[in-house]
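As structure tokens, here come the structures.
Each of the next two complexes has chain A plus one other chain: chain B in the first, chain C in the second.
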Partner chain A sequence: MTATMRKYIIKRLIYSAFIAWGIFTVTFVLLRIGPSSPADRYLATMGAGKGDIEEIITALETRQGLDKPIYVQYVDYVTNLLHGDWGWSFSTSMPVMDLIRIHWIYSFQLILLSMIFAALLGIVIGIYSAVNQYSRIDYLSTFFSFVGISIPNFWLGIMLILIFSVKLGIFRTYYDTSLPVFSFENLKNLVLPVITLGTGSMAAYTRYVRSSTLENLKKDFVRTAKAKGLPERTIIWRHVFRNAMLPIVTIIMFDLSGVVFGGAYLTEIIFGIPGLGQISFNAIFAGDYAVVVAVTLIGAFITLLFNLITDISYTFLDPRIRYE
Partner chain B sequence: MNRLAKYYWSRLKRNRLAVAGMIYIIILILIAILGPYFTPDPNKVNFAEKNIPPIGFSIKQSYYDAKKGEFTTVVVHGNLEHPLGTDDKGRDLLSMLVSGARVSLYIGILATGVAILIGAVIGVSSAYFGGAVDNVLMRFTDIMMTFPFFLLLVFVVFIFGQSINLIILIIGLTGWTGTARLVRSEALSIRTREFIQAAIVLGADSKRIILRHMIPNVISVIIVIATLSIPGVILAEAALSFIGLGDPTVASWGRILNAGQDTLDTTWWVAVEPGILLFLTVLAFNFLGDGLRDAFDPNK
Partner chain C sequence: MHSIRTNDLLTVENLKTYFYTPEGILKAVDEVSFSLKEGECVCIVGESGSGKSTLALSILKLLDESARIEGRVAFNGKNLIELSEDEIRKIRGNEISMIFQNPQSSLNPVMRVGEQIVEQMINHKRMDKKEAKSKAIELLREMGIPDAEKRFGDFPHQLSGGMKQRVMIAMALSCNPKIIIADEPTSALDVTIQAQILDIFKRLKQKGISILFITHDFGIVSVIADRIVVMYAGRVMEKGTAVEILRNPEHPYTVGLLDCLPGTSEKDRLAYIPGTIPSLIEPPEGCVFSPRCRFRFDACSKTPPEYPVSDVHSVACFLFSNEVNG
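Take a look at the complex of A and B:
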């Protein structure tokens, strides 16, 4: 590793810390300028007759530190989050951290399998389309990628349930939580959710891979390789594929936060998968603030982490990139 | 129509999919505006006419006949009175979808307008002022971009409430980041051009340069972004309604879809129809947006 690379990586790390601080601050500000917590009101009405609601709210606010000056609240908020104290989920009666520890694996499983499905198919179809440009298969794949990009993922999920579960009875309509995560028996559980979540991304990747491959096919090094008499297969996989992949990595990372997290949220709700989207969804209707905040923060931090990994891995993958 | 608009129109016309998308959108807007005057009340509940399938379909329905004291099965056919069928409360689906089109387009266009306005102002100011202003605005954009869009949307709607105008404002306030980045990079390249330098030399102030010279030159980028953003916004609202975070007083496509999911085994069409409309609408805006981008691109 060169000195400039090290300097660049350190700079990226510091910048990521700054963004993390920004994420804390934005959520804090939103929580504070929002109307007062319905959870407090809910607890207050649960525990008391009409007369002393105000009193109980005051007591609750004291307990949650809402009576302290705003800057003290802010410092408390950030330090608690940094110490891993993410609050108490009253609707499930456990610390938010424990709740997340139980449920994250389901989201991870769904997202990981969907991304593999989307990336594999997207790359293969995209390259095939580009190599056979203007063939019938190329037109077909272009058409289907337009359809895939435009189809609302939650509707696709319902249509799959309607066709394969309700009408044909091949898959169950609901996710069976008794099967172990990441097991072979569980695959049947996940076929419909993975297609639901993966289709939009697959369609998008197909289009990017196709255009990126087409661009690289015109490059001089491809002509050189052809002139050398290399077989077509070698040219495509060794020369074109490698160069076409670099922008795809960025697209996948961008897609993850822009589309996939939202899609996973909806997919989990449709199929009843007990992941983070599902617990956030349940928490919304219970008025359980801490959980909703936690899931939003986790989404942001995973995005931040992946952006950092993408940037740093680029310094190793592509020696042409200059760091300032 | 001025000469430039005519020129772009002649370029856009060559793209058949874009024209088809545009025609679909115009028809949809007309239906959304005029339709509710011609269709029956979408909220009228009529249990005598519940679960009627769309025209051309028929389903078997069992019900308890109180006179005979036993269950009877009858075949229900779709009829002209309810061409798209009725839901489990006997409400006419065509009316519901027409008034849903109004809601979805209203939110789609207005929220996109808010997002584009914020994004354009931030992008252009960032490019024009540069230095510290650029730094602060772009760092803030980076922070906002780190939040996954839908999670942020759910979070903010959860905190601030679910009225339709609030949702429009929230989508606008969370969805401007991409626009800001694109407009900024476009404006940066325009800023170095001679006519801006000339305006500065002639003593034009910042406000005049931004409003009279920079905005008109990034307008084509803005139109393309707006067209391509509307379907995302419509889908975001539909998704919010679908998970029960939409405005409970208006029947948007997402809410009809949500109701349809619960009755999939009996009235499948309630979930199928709003989805098809959503899909076609998104497709139409994507085609039009793609066509506009090509039409505005001088290199094509």
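Take a look at the complex of A and C:
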């Protein structure tokens, strides 16, 4: 790694910190100006009916610092975050950090497997489609990628459960949390969720890879490779593939943030997967703001991190790109 | 059919390349015949759109499926046109190499130039990597590339246009081909670089490599050509030795092209051939050049055969038919 590269990465990390701070601020303010007071929600959750409600609320607000002006609360929150204290989740009665430590693996396995599924199939089908342009397989894949892009994944998930779990009984209708995460049985557990989450992305990648490959197949250097007498397989995988993948890397990385924030949420809820989407969904309804803020921030960090990785990976994938 | 002389390395006979387009059949190359001997340089000359590049690509069957190629391209006792994809692949880059017009886009931008030279040798000659690398570096050095070892690991964008074209030539030479087809290899380069690249081609010729050189530039032709084939609208207008054609051009089109070279005296006006190259989908009846020809007469409504002007020179023009001349 060169010195300029190191400088570039440090610069990007500082930018990322600023963006994360901005996201945190917006999330914090939106939640605080929301219609219900966190204390009300807390009481509702605790089922408090005994005693003087007003008194309890005041006591609670004082204890949690909710009676202070919003900017003081904000400064306190940031200070705590920087000290590694992500707050207390009252709806689950544990520190937010512990809650996340328990649940992140479920989201991670789902997203990772879905991305592998989408990227592998999307790239292979896209290239095959482009190389055999206007063949029957090309038409089929173009049609199915159109369908795949159009189907909302919550609907797909419900249909998959209906067909493969309810009617055919091949898979469970829900995610069995009693299975260890790293086991073959758990993999089977994940088949439907992965298809649900991955199909839209896979279909989109197929389209992008197809058009990028077609574009590169027409390039002069491909004609050169052909004139050199190289076999078609070598031409496609050594010359066309790497060039065609350059724009795809960006698309996959951008899509990933959509998958993390949108698709994975819904998929976890449909299949009852206890991941970060699920806990943040529950936290929103419980008014458990510390959890919502934490999950939002984690999502933001992941997106920023992947953008950074994308930009850095370009210096390896495309030798023409240098960051000054 | 006349017999092939023994020293003809490549013989093109009645080559036709038609593109089947929605608008109709595009006759890019029509009834073209010529031959290339060992160690000589044949220049295919013509304006853009005359079909000369299509001709070059047809020889190695490098066109896409919309092109239909007919006729004979005899090489080593085989008709290249009839070979399967696998068979012609063994000739491409191995016995017949090709160099293209634009070195800027003809190299893979994400691959080191050395790798691009080496892969051809590994593919055709089954060389191991180390052996191929040392041969590649030697070739780069021969092409006049300084610091060849270092350049071997460069990416194309780190090289200038002239250097890239040298890499392309090194690549073309890597498997010791008998023939090099060069499609306007100097058109995208500065004039001073052009001269250096032409020097390389002259050296290749001296080494006994046959060169089929596609160009529109008579300046280049006069430097490098042993024989010339003048093409217009997919057809051969005139062919013969370079000396004869440059000194004594006969076809009105060749005369016009040579007149277009800027003269040295200041009062000379820049000459041009009136009109433009015709549509290749609906070419003019008879002689394709007749609509732009100053000398056209009744006979030109038919397609002219080749009339010999001398042993080494023939013209496809009715002006040279015996019947007309009496």
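Keep in mind that, in the parts below, the second predicted complex is superposed on the first by the 290 of 324 C-alpha atoms of A that agree within 3 Å, B and C clash if a C-alpha of one lies under 4 Å from a C-alpha of the other, contacts with A are read in each partner's own complex, and residues count from 1 in each chain.
Criterion: a residue touches a chain if its C-beta (ideal position, glycine included) is under 8 Å from a C-beta of that chain, and two chains touch if they have at least 3 such contacts.
Since the model is a prediction, treat every value here as computed from it, not as a measurement.
Asker: After the chain A overlay, clash or fit between chain B and chain C?
Answerer: fit
Asker: Scan A:His239 for contacts with chain B and chain C and give back first, second, both or neither.
Answerer: second
Asker: From the CA centre of chain A, what is the angle out to the CA centres of chain B and chain C, nearest 10°?
Answerer: Apex at chain A; the opening toward chain B and chain C is 90 degrees.
Asker: A:Leu317 contacts which: chain B (first), chain C (second), both, neither?
Answerer: Only chain C; A:Leu317 stays clear of chain B.
Asker: Quick one: is A:Leu304 in contact with chain B, with chain C, with both, or with neither? Answer first, second, both or neither.
Answerer: So A:Leu304 only meets chain B here.
Asker: Examine A:Thr224 and indicate which partner it touches, taking first as chain B and second as chain C; both and neither are also allowed.
Answerer: second
Asker: Using the touch criterion from the header, give the chain among chain B and chain C with more contacted residues in chain A.
Answerer: The partner that reaches more residues of chain A in the superposed model: B.
Asker: Superposed on chain A, how close does chain B come to chain C by Cα atoms? Whole Å, please.
Answerer: Least C-alpha distance: 18 Å.
Asker: Do chain B and chain C land on any of the same chain A residues, and which?
Answerer: The answer is that chain A has no such residue.
Asker: List the residues on chain A that touch chain C in their complex, please.
Answerer: 219-221, 223-231, 234, 238-239, 242-243, 246, 317-320
Asker: What part of chain C is in contact with chain A in the complex they form?
Answerer: Residue list for chain C touching chain A: 60, 62, 89-94, 97-98, 100, 102, 105-111, 119-120, 123-124, 155, 157, 168, 171.
Asker: Give every residue of chain A touching chain B within the complex, in rising order.
Answerer: 18-19, 22-23, 26-27, 30-31, 34-35, 146-147, 149-152, 154-155, 158-159, 161-162, 166, 257-258, 261-263, 265-266, 269-270, 280-281, 284-285, 292-293, 295-296, 299-300, 303-304, 307
Asker: So in the complex, which bits of chain B are touching chain A?
Answerer: Within the complex, chain B touches chain A at residues 139-140, 142-144, 146-152, 154-156, 158-161, 231, 235, 238-239, 242-245, 257, 260-261, 264-265, 268, 271-272, 274-275, 278-279, 282-283, 286-287.
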